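Look at the two complexes coming up: chain A is in both, with chain B in one and chain C in the other.
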Partner chain A sequence: MPSALRHLLFIVAPLLAVFAILPSVYENHLMLFNFVVFLILAQGVNVIYGFTGYLPFGYVGFFGGGAYGFAVMVMHLHASAPVAVVVAGLAGVALGLLLSPLLRLSGAYFAIANLAAALAVLHFVANPALETITRGPYGVSLTATFNPNAAYAAALVVLALTMGAVVFLKNSRFGLALQSVREDPVSAAMAGVSVVRMRVIAWLASALIAGLAGGVYAWYVSVFFPDNVFSGTFSIFAIVFALFGGVATIVGPIVGVLLLYGVYNLIGFTTPQYFQLIYGLLIMGLVLFLPAGLVSLATRRGWHVP
Partner chain B sequence: MLVYALVAGLLFGLYFSLVGIGLNLVFGVMRIVNLAHGDFLMLGAFIAVGVSALAGFDPLFAVPLAFVVFVLVGLVLYYLLVPRLQGSVDPEMLSIILFFGLSQVIEALTTIAFGTSERSIDSGELGKILAGLRVHVFGGDADGPVELLGQSFPTSWVISAAVSVVAILLVYVYLYRTRLGTLTRAVMSRREEAFATGINVDRVSAVAFGIGLGLAAIAGVFAPFMFGSVTPAFGEDATVTSFAIVVLGSLGNPLGTALGGVVYGISYMVVQTYLSSWADLLPYVLLILILLLRPSGLLGRRVRVA
Partner chain C sequence: MIRKIAMALVAGLMLATPALAADPPAEIKIGTLYASSGRFASISMPVHSALKIWVDQKNAEGGVYVKAFDKKIPIKLVAYDDQSNTATASTLYNQLITQDKVDLLVADSGSVLTAPAVAIARDHKMFLFDQTGTGASFFSKDNPYIALMADPVSTIWPKPVADFLTQDGPKLGIKKIALLYSTNEFTGTQANAVRKFIKEANAPVEIVYDQGVPTETSNYTVIINNIRAKQPDAVIHLGYAPNDIAFLRNVNEVGAKFKWLFCIYPGLETELLEKNVGVKGMQHVFTYVPPSELNYPVNFGMKMPEFRALWNKTFPDGKVEFGFNAVAGYTTALVIEKTLSVATSLDQMELRRAVFSLSGQLKTLDGTFALDETGGQIGELTPLGQLEPDGKGGLKFVAVYPHDVATGKPVYPRP
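Take a look at the complex of A and B:
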C-alpha cells in the first residue's frame, strides 16, 4: 500500500469521522467547530512554515480577508453560502498574490512584514470611510445564510481538502522539493528545483486554506466585527499549535491542536489572564526545550512519524 | 495648521526614535526579534505611574529608576534565554515565538497585579521640578503650554522630545566613543569573527540587551503623556510601531533610528491632520513599502537566491 493511501486511511479518515460524529453526542457545537477551524489553520501554517520555512505571523490576514469576502458576497450580491465560501477562498488567494512580493524577504523580515500586512488589511476593512462596502468598524450581520449545521459540514470539507494537501506534500516530489528549498535554496536550485514557483504555490495554497476557513467561520458565526476575525489570536494559536506538535508532519499539528486547544477550553474561559500566563510560559518552554515540537520526542528515538 | 503638524511631528518623531532605538540595538547585536519590546515600554510607564501617583515625585525621577531596573532585568533575561536560543537550529525565527511568549507572560502578570484599567498621569506633573527654568527660557507661566514658532504645545511633549534627544546622544557616545561600544559594533557586523578574535560575545551582547530594555523602559516613562494613557495591553501596538520606526531608519545606527522616528512622526502628524481616518493604516503600509522597496538598503538582507 503506498504511504499516501496509508496516511489518508489511518490518519485523515479517522479524524474526519470523529469530528463528523461528535456533534451528535456532544452538546457544545461551537467548541467543536472551533476545533475544526484551528485544525484547518494549524495545517495551513504547516503548509507554509513547515514546508518552506516562512513564518506567517500575520496569517489571520487571509482568514479575516476570507470572512469579509464571504460577507461582501452575501450582503451585496446575495450569493448562496457555498458560493460565498468559494469566493472567500479566492479572496485569500488574491490577498496572497498581492502579498507574494513579501516572499522576497527572509526570516524575521518576512514575519514582521506579514504581521504588518495583516494589520493593514484590518485597518483597511475597519475604516469608517468604507462603511458602505464592509460596514467599517460596526461589524456585519449575515442572517440570510445562518445555518450552523451546514457551516460545520462545510468546515469538515475544508479540513478534508487541507489534510489532503498536507498528505500530498508529505508524499510527493513537490513536497520534497519544497523542503529542499527550505533547507538550502542554492543547492535546490542547482538540482533543478524551480525555487520561486514552488514557494509561491505553497504560499497561495496556504492563503487559500485560510481564506476558506475564514469563509466557513463567517458562515457559522454570522455576526462579527473586524476585530473578531482579524484577531491576532488566530495567527498565534495556529502557529503555536502547529509548532507544539511539530511542523512538516501530518500528525504534529493535529496533536498540537487537540492537546493545547483542549487545555485552553478547560481553563481559558474563566480566568483569561492566568491562562495567558500559562500559555506564555508554555510557549517559552517549547522554544527553549522542544524547538522541533512534540514529535521530536519520537523522532529522537528513531521512530518514524508521518 | 501645517506648521503645527510639522513641529508636533518633529516632537513626536524624536520621542518615537527613543521608542524604537532599544529594539534596533537588540536586533542589531543579537539578531533577535524582541516582540516583547512594547511590553517593556508598558512596564516603564507603570514605573512612572508608580513614582508619580504613589510617591508623589516628578515622573522624571522614574527615568533613571526605570533604566537601572531594566538594565538589570535585561542582563538576567539574557543569560536565562538567549544562549539556549542561539544554540537552536533557527534562532531568528524561534526568537519571534520565544519573545512573543515572554510578552504574553509580562502582559498577564501586569494584568494580574494591576488590573486592566487605563492609567494616566496629569500632564502637569512631568517636569514640575524644572518649571522655574522653563519660565526663564521660554517665558509664559509655569503651568501653561510651550510656545514654539507661534504655536503652543503641551510641555510634556517638549520634555519627552528633549529627554529623547539626550538619550539618543548617549547611545551614540556608547557605541562610537567607548571601548565597549566598539566591541558591540564588532559583534553587530560579524558575530562569528568577533568571537574568533577573542571578544566575549556573550558579555557584550548581554550589556547591549540590558541597555536595549533600559531604553525601552525610559521611552515607556513618557508613554502616558504621549499616548494619553496606558493599559497592560498597550505593549502589542507599541511593538508594531517600534518595528515600523526601526525599519524606516537603518539598522545598527542610532542616528538612522532617529531619522526613522522623525520621518515617522512627521508623516503621522501630517496624515492625522489632513486624512485622520486613514492615519491608523500609516505605520503598516509604510512598513510594508519600505520592506519591499528598500529591504537591503535600509534593513534587510536579501536572501532569495534564485
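Take a look at the complex of A and C:
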C-alpha cells in the first residue's frame, strides 16, 4: 500500500471520524470546533515552518483576513456561507501574495516582519475610514449566516483538505524538495530545485489554510471585532502546538493540539489559578528536553514517525 | 418478581418526575467568566469581585428570593478564567451552558470578551446578562437574548459631553472642537456618537480636527501639535486608560494649553490616572463623573457609602480597585436579584421579560436602569464633570452637565 494512502487511511480518516462523531456525545461543540480550528492552524504552521523553516509569528494575519473576507462577502454581497468561506481562503492567498516579499528575509527577521505585517493588516481592517466596507473597529454581526452545525461541518472539510495537503507534502517529491530548501537552499538550488517558487507555493498554501480557517471561524462565531480574529493568541497557540508535537510530520501537530489544547481546557475548567504555572512548566520542559517536539521521543529510538 | 418490582419502581419514578420538576432547585447557578490576566484584567476583576461580594452577601442571608418558587434559594457562582483570550472565552461560555447547565448566564467585562457570548447565548436560547459590553453590534431587534446591565450603550454614552458643547459651549465661547480617538469599538463608537449629536444639535460649533489613531499609540506629541495648529476651543480625547495616560502626559510635556479638554479615564479609573499622570496633569480636565461620586437615590440594593464600606472591608489591601467597574458589577448583581424576585419561572424568555419590566423602575447606586427595545442600556448615563483641586493636594469631581445634577460651574478656559 502506498504510504500516502496509508497515512490517509490510518491517520487522517480516523481523526476526521472522531471529530465528526464527538458532537453527538459531547455537548460543548464550540470546544470541539476550537480543537478543529487549532488542528487546521497548527498544520498550516507545519506547512510553512515544518517544511520551509519560516516561522510565521504573524500567522493570525491570514486568519483574521479570512474572517473579514467572509464577513465582507456576507454583509455586502449576501453570499452564501460556503461561497464566503472559499473567498475567505482566497483573501488569505491574496494577503500571502502581498506579503510574499517578506520571504526575502529569514530567521528572526522574517518572524518579526511577519508579526508587523499582521498588525498592519489588523489596523487596515479596523480603520474607521473603512467602516462602510469592514465596519472598521465597530465589529460585525453576521446573523444571516449563523449556523454552528454547518460551520462545524465546514471546518471538518477544511481540516480534511489541510491534512490531505500535509500528507501530500510528506509523501511527494515536492515535499522533499521543500525540505531540501529548508535544510540548505544553496545545495537545493544546485540540485535543480526552484527555491523561490517552492517557498512561495508553501507560503501561499499556508495562507490559504489560515484564510479558510478564519472563514469557518467567522461563520461559527458570527459576532466579532478585529481584536477577536486578529488576536495574537491564534498565532502563538498554533506555533506552540505544532512545535510541541513536532513539525515536518503529519502526526506531530495533531498530538500537540490534542495534548496541549486538551490540557489547556482541562486546567481552564478545573484549576484556572494554576494555569500559567502548569502551562509554562510544560512549555519550558519541552524547550529544554524535547526541542524537536514530542515525536522526537520516538525518532530518537529510531522509530519512523509519519 | 424482581422484574415486576423494578418496573413498578421505574413507573413510579416516571410518574413522580413532573412533581419533582416543580420542586425548587437546591441552588441557583449563575455562570460567568472573568479575566485574571491579560489586557482586560483591570476592568474585569473589579466587576467580577463585586459580583462575588453580592453572592457572599446573599448566601449569608440564606440565598436570594426567587419568586418562581416563592422562597430564598442559595446562589452558586460558576466562574471560569478566560485570561482575556476570546477563543478561550468562547469555549468557556459554551461550557457554562452545556456542561454546567447554569440557570443564568453573565458575560465577562468589555465588548471584546462579551462578543463571543452573544452568538453562543442566542444559539442556546440563553438570556445574556451583558455587564459592560457596550458594543452597538450586540443589540438588534432580532436577538431577544441580551440586555446591557451597567454601562450606557456606546452610541449614547457621550451624549452629556456633546450636549454640553452644543448647548453651554457657545455661551462660553466654544466654537471649534477637536476630536481625537483610538480606533477600537469602545472609543470609535463614542466618537461616532459625538459627531452625530453635534451634527443633530445644529449649534454654532464645528469639528475642526477629527482623527482616529491606533489604540496602541503611546506618543501623541506630533498629534498634539497638529491639534494646536487648528486652534480648537475644546479638545475631546477618547481612548482607553493607557491612551489617556500617554495623551495627558504629552499634553503637559509639550506645554499645550487646551482651553477645554475631555478624557474618559480620569473619571473612570481616577486612582490609576493620578498615579501615572499626577494630580497637576489632571487639574481642570473634563471627564465622566462616575456613580461613586454621585450618591444616586436608590430603591433597591445598597447605597454608595454602604457598598464602598463593604468593598473596603472585603478588600482591605486595596488590590482590587474600587470605582466605576466595581459599581458596574454590583449593578449587574442587583438586576439579577430583582429579576429573580419578579420572574415567574426560570425560563429564559421569562427572565428577559422580568429584566425588561425593571426598565425605568429600578434605581440603583448606578442610576436609573433603563433599556431600549433591543436591550441596550439607555439609563445610567454618566454626567460630565471637571476635576478640580480639593485644597488638600488632591482632586475632586465637580459635575457640570446636565444641569439638574450639576454641583458647580465649569472652569473655562482651563487656567
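The rule is short, and it goes like this: the second predicted complex is superposed on the first by the 296 of 306 C-alpha atoms of A that agree within 3 Å, B and C clash if a C-alpha of one lies under 4 Å from a C-alpha of the other, contacts with A are read in each partner's own complex, and residues count from 1 in each chain.
We take it that a residue touches a chain if its C-beta (ideal position, glycine included) is under 8 Å from a C-beta of that chain, and two chains touch if they have at least 3 such contacts.
From a predicted model like this one, the values you see are computed outputs, not experimental measurements.
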Fit or clash - chain C, chain B, common chain A: clash
Which superposed partner A:Leu30 touches (first chain B, second chain C, both, neither): second
Which of chain B and chain C A:Gly139 touches, first, second, both or neither: second
Chain B versus chain C as contact partner of A:Ala111, first or second or both or neither: first
Which superposed partner A:Val221 touches (first chain B, second chain C, both, neither): second
First (chain B), second (chain C), both or neither touched by A:Thr233: second
Partner chain(s) touched by A:Phe124 [first = chain B, second = chain C, both, neither]: first
Which of chain B and chain C A:Gln276 touches, first, second, both or neither: both
Segment of chain C intruding into chain B (one of 273-281, 327-335 or 363-371): 273-281
Touching both chain B and chain C, residues of chain A: 123, 127-129, 273, 276
Chain C residues touching chain A - in the complex, by the definition given at the top: 36-37, 80-83, 85-88, 90-95, 98-99, 111-112, 115-116, 118-120, 122-123, 135-138, 140, 142-143, 183-185, 188-189, 191-192, 212, 214
Complex contact set, residues of chain A against chain B: 53, 55, 57, 101-109, 111-113, 115-117, 119-120, 123-124, 127-129, 185-186, 188-189, 195-196, 232, 236, 239-240, 243, 273-274, 276-277, 279-284, 286-288, 291-292
Residues of chain A that touch chain C when the two form their complex: 27-31, 34, 37, 123, 126-129, 135-141, 143, 146, 148, 221-225, 227-228, 231, 233-234, 237, 264-265, 268-269, 272-273, 275-276
Chain A contact footprint on chain B (complex, rising order): 27, 31, 33, 81, 84-85, 88-90, 92-98, 100-109, 111-112, 236, 240, 243-244, 247, 277-278, 280-281, 283-285, 287-288, 291-292, 295, 299-306
